[in-house]
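Paired with chain B in one complex and with chain C in the other, chain A is shared by the two complexes that follow.
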Partner chain A sequence: MPRLELDAVCKGYAHPVLDRLSLTVDEGEFFVIVGPSGIGKTTLLRCVAGLERLDGGRVLIGGRDVTRVPPYRRGAAMTFESYALYPHLTVFENIASPLRARGMPAAELRATIEAKTTLLRIEHLLERKPHEISGGQKQRTALARTLVARPLVFLLDEPISHLDAKIRHELRRQFHTLDELRRVATLYVTHDYAEALSLGDRIGVLGHGRLEQIGRPRDIFERPCNLFVAQHLGQPTINTYACALERQDDRVLARLSGAPEIRLPVADAHRVRLEASGLGQATLGVRPQSVRVDGADPRHPLRATVDVYEALGAQGILLGRLGSLPITAITPPEARFEHGTPVTLDIASDELLYFAPDDGRNLVL
Partner chain B sequence: MDTNAKRIVVWLILIGFGIWVLFTLFPLYFMIITALKPVEEINRMVPTFWPETFRPDNFRGIFADPGSLKSLIDSVIVASANTALSLFLGTLAGYALARYLTGVVGENLAFFILSNRMFPPVAILIPMFFLFDATPWGTDSYWSLIILYLVFNMPLATWLMMVFFRDTPRELEEAAYLDGYTPLRAFFKVTLPLVFPGMVSVAMLCWIFAWNEYLFANLLTGTTVKTFPVHIPSFAAGSQTLWNFVMAFSLVAMLPPVILFIALRRYMVRGLSLGVVKG
Partner chain C sequence: MSTTSQAAFVDRHEADVSERDAARVWGTSARPLPDWFQQKRSRGGGLVGAWVPIVLVGLPLAVILAIVIYPTVWMFYHAFHDTNMMSLFSGNWQPVGFANFGYVLTSDRFQDSVSNLAFYLTFGATLQVLLGTALALIIYELVRPRWLQTLVLILLVLPMMMPPSIAGTLWKFLLQANNGAINHLLINLGLMGADQRIEWFSVDLSLVSLVIADTWQWTALPLLIVYSGRVSLPPAIYEAARVDGASTWQVLTRLTLPMLREIIAIAFILRFMDAYKFVDKVYVMTSGGPAQSSELPVYIAFQKGIREFQIGEAAAYAIIIFVFAAVLITLFLQYLKRVMRHQGVTS
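Take a look at the complex of A and B:
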């Protein structure tokens, strides 16, 4: 049963931010909206919450049209990126706020808060004021405030982006295990693709005022519908090159426009689709994960030189030059490369992505 | 800087402070000793800086005139009622300006309201007299002063409250809406407690202005209603001015604002520094 439906939602200020955006989130679903900063993710949440008036379209929560319903009667709870904790109230009173709004009896209120704060491990902070607790604790307080509200829809705005890596990891795990979130529809907004891939039952990539692609995390990562999605999901960013697709004998090759001597074979799986679209010009996408770096072999067709190598512990990132073109590759953690070292590259041809040069759509989908 | 130069600077600062303290406290000192002198000692050619005869009875003497106590009560009524009204209207107007009129119109309106404070009050003295003379309660009434002082206090209250409201994040109110509070309940739950120290400062400023105002009070009122600044000249008996009574009465009139300030100084300091540090 759909809990949250957005139907052709429009919202703009000086220019359109949301342009006929439609979306359905089911009960129990954790839907993550991912997109670059300033693309309108927060605006989208604010539209759902009722804090912004729509220019067009409808918002339905639990099947009820709430487009003209004020935020305090919508049944949505939201955490703000800035936490928005009431500075003059204690942690306890902050969390109690939605319960007091509906006049819950004191004993039940205390029991509810104690249960939630124990779950989030902030039960020892109840008498403190927000300025006396850390960023992670503030985040949990804000989260507790939304959890006790028992809303129909949870709206979470970059809830863990400003925290340090360790706490972020822990909170991410808590999102996976919170039962409350599994019973209602959750709309979670982030600019961090890893967070999106890890948390989302489904992901929507927001760009150009609408959801460019909606799907399961793995599907979106492996089969992005266009260049924008491919560029936004994945760290380091996907390598892109202008190329010409040419037939040679019974094969199809991608000849890089910036380095014509480099020709990459097109996988058989992609060939039929590319031939159907007429070959010609395309944008080639190479995920850094698809590039394997080896030692120098002068006879190897793909030779590159190392510009910078970053050892990051769990993996290494190599920034190099393929002819005159920059390329980024992910290496195993134990690898070591010096500046200027020649290396050879192996690129998994079945992991390559091909996009139309004009509108950026994925040519092999 | 070496220690010698540092010491000189410290001394210079101390001397500066000393002069400043002398400048501000000497009049107060002279008030106090004059209030304690008999009238003969005041009229000497060479003033005494320590009373030769102490006359604390002066403080009882001023209240021999029943008008003295009444003038203080009148002042309390006018100042308190005006402060309450200024604060109420200024808070509402300031909130509207901060939250709903944020564009060019709002900016200009806010500036216009503040600009009401900028003209010389004496310019509207005569028109105000005729204006209040035409009202049902006339010029010589509590209402005339209570309403007239709004001309000065409301712009100040509106402007300051607007600044305080602008400094409270809107997101806090929005969070309250999502908690289930209507805008009015959210205002009382979240916004008002946050600007409360500011309100106390504004109330102090309004109250002190209304307490001290002489020009309009002197022109408009004087018979049924007589605030204390208008009452002070009545201690000039014929050709003889009873300076000891004037000073004693002025000292008594100083007490309420001083007591208020001390009682509310915790809020005053926080209110005056509202918006200085965001966070």
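Take a look at the complex of A and C:
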């Protein structure tokens, strides 16, 4: 049963931000909206929460049209990117505020808050003020404030983006294991693709006012519907090259426009769809993890030179030059490369992505 | 102080600072300070010569000494002498101990003026702050278009731009019993009969008239202070409250007022400090009358000192007022400090 439905939601300020955006989040689903900053992710949440008046479309929560309903009667609870804790109130009073607004009796109120704060492991901080606790604890306080409200829909705006890596990981685990979040519908906004892939039951990639693609994390990552989605998911960013698809004997080759001597074979799995769309020009997408860096065999067709090599511990990132074209590759952790060394590359042809040069749609889907 | 010892003074001072910084950066471990740092320290000297701080501090100090400290000491001295016009110019004033204070504190005139001051603090200063706070919040919340908000603020602030003595003169005209605009207005509105007159400058009402004129002029000050405080409160908090479902009343009493507490306290302090030097309007509107019914302590001090040249007595007045004000302001600052610590504004 859908808990949250957005039906052709429109919102604009000086420019259109959300353009006929539709979305359905089911009960128990954790839906992550991912997109570059400034694309309208927060605006989308604010529209659902009722903090913004829609320019068009409808918002339904629990099957009820709440488009014209004030925020507190919508059954949605929201955490803010800045936490928005009340600075002069204790952690306890902060968490209590939605309950006080409903006039909950004191005993029940204390029991509720103690239960939730124990769950989030901030029960020892109840008498502190927001300025006396750390960022992670502030975030948990804000989260507790939404949890006690027992909403139908949780709206989480970049809840862990501003925390340091260790606490981010811990809170990410907490989002996985919180039953409260897993029971209702959650709309979670982030610019961090790893967070999205880790947390989302489904992911929506926001761009150009709409959800460019909705799907399971793995599907979106492996089969992006267009270049925008492919470029936004994945770190380092996908390599893209203009290329011409040409038939040669019984094979199809992708000849890179910037380096005509380089021709990459097209995998059989992709060939049928590419031939059906008539070959010609395309944008080739090469994920850094599809590039394997080997020794320096001078007879190998794909020779590159190393510009920068970053050894990051768990993996390495190699920024190199393939002819005149820049290329990024992920290497195993034990590899070591010096600036200017020649290397040979192997590119897994069945992991390549082909996009239309005009609108960027995935030609193979 | 010779030049070398000045330099040594500056050096030592710098060394203190760097030691403190070093302690912060290097912690309390036994790790030795690096060589370059030791050298830098022993080299000493800064960007400016040793005389620069002496002059920069010395000049203002001399001015303050001349126009603040010396007169204050002079005042304290004469508060304990029987100085009046005669003895001041002949130079043979005699010490009288606390006689001036005793005389002032037991006089009916002083006691009446204190109760007048209490009236003014309650219905003047306090009312102005409350009114200003209410107006500020109403303007911020209810006047929607930005330009209209600005316009209303400008209009409300205009009276504050007027010299207090002019404002007092203006209100003296407005409040005239026979030809004053206020009485005419009340008659025309049908609030009182055509043959009735309110004697605004009678024994009963003269202090009220002063308070009306002062409130008209000064309500804008707390208004501006509270308004700017309200503007600077983070909007996300109010959005969170909207999602939480807090009512307008809850938002006001649980969020806005508690968060504006120290701002409102500052407005109070400013108005209270002004109250102690409230002379201008008293002087032009009522001259403390009729029958000293609108006298405030500082007005009497002014009368005694400047008009009657009862220097000793005037000095005693001034010191008593000073002590009063100091106690009250200290209490306020204590409160302010507590509030700020409570809210984490200071450590």
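Criterion: the second predicted complex is superposed on the first by the 365 of 365 C-alpha atoms of A that agree within 3 Å, B and C clash if a C-alpha of one lies under 4 Å from a C-alpha of the other, contacts with A are read in each partner's own complex, and residues count from 1 in each chain.
Convention: contacts are C-beta pairs under 8 Å (C-beta built on N, C-alpha and C of every residue); 3 or more make two chains touch, one makes a residue touch a chain.
Quick caveat: nothing in here was measured; it's all calculated off a predicted structure.
Participant: After aligning the two structures on chain A, examine chain B and chain C and state clash or fit.
Facilitator: clash
Participant: Who contacts more of chain A, chain B or chain C?
Facilitator: C
Participant: First (chain B), second (chain C), both or neither: which does A:336 touch?
Facilitator: neither
Participant: According to the stated criteria, A:129 is in contact with first (chain B), second (chain C), both, or neither; which is it?
Facilitator: In the superposition, A:129 touches chain C alone.
Participant: For A:149, is the partner it touches chain B (first), chain C (second), both, or none of the two (neither)?
Facilitator: So A:149 meets both chain B and chain C here.
Participant: Which parts of chain A are in contact with chain B and also with chain C?
Facilitator: 49-51, 70-73, 76-78, 80, 82, 84-88, 97-98, 101-102, 131, 145, 149.
Participant: Please give the residue numbers of chain C that touch chain A in the complex, ascending.
Facilitator: By the definition above, chain C touches chain A via 234, 236-237, 239-247, 250, 254-255, 258-259, 261, 342-344.
Participant: What residues of chain A sit close enough to touch chain B in their complex?
Facilitator: Interface residues on chain A, with respect to chain B: 49-51, 70-73, 76-78, 80, 82, 84-88, 97-98, 101-102, 131, 145, 149.
Participant: So in the complex, the part of chain B that touches chain A is made up of which residues?
Facilitator: Residue positions touching the partner: 169, 171-172, 174-182, 185-186, 189-190, 193-194, 279.
Participant: Residue numbers of chain A touching chain C in their complex, please.
Facilitator: Interface residues on the chain A side: 46, 49-51, 70-73, 76-78, 80, 82, 84-89, 97-98, 100-102, 129-132, 145, 149.
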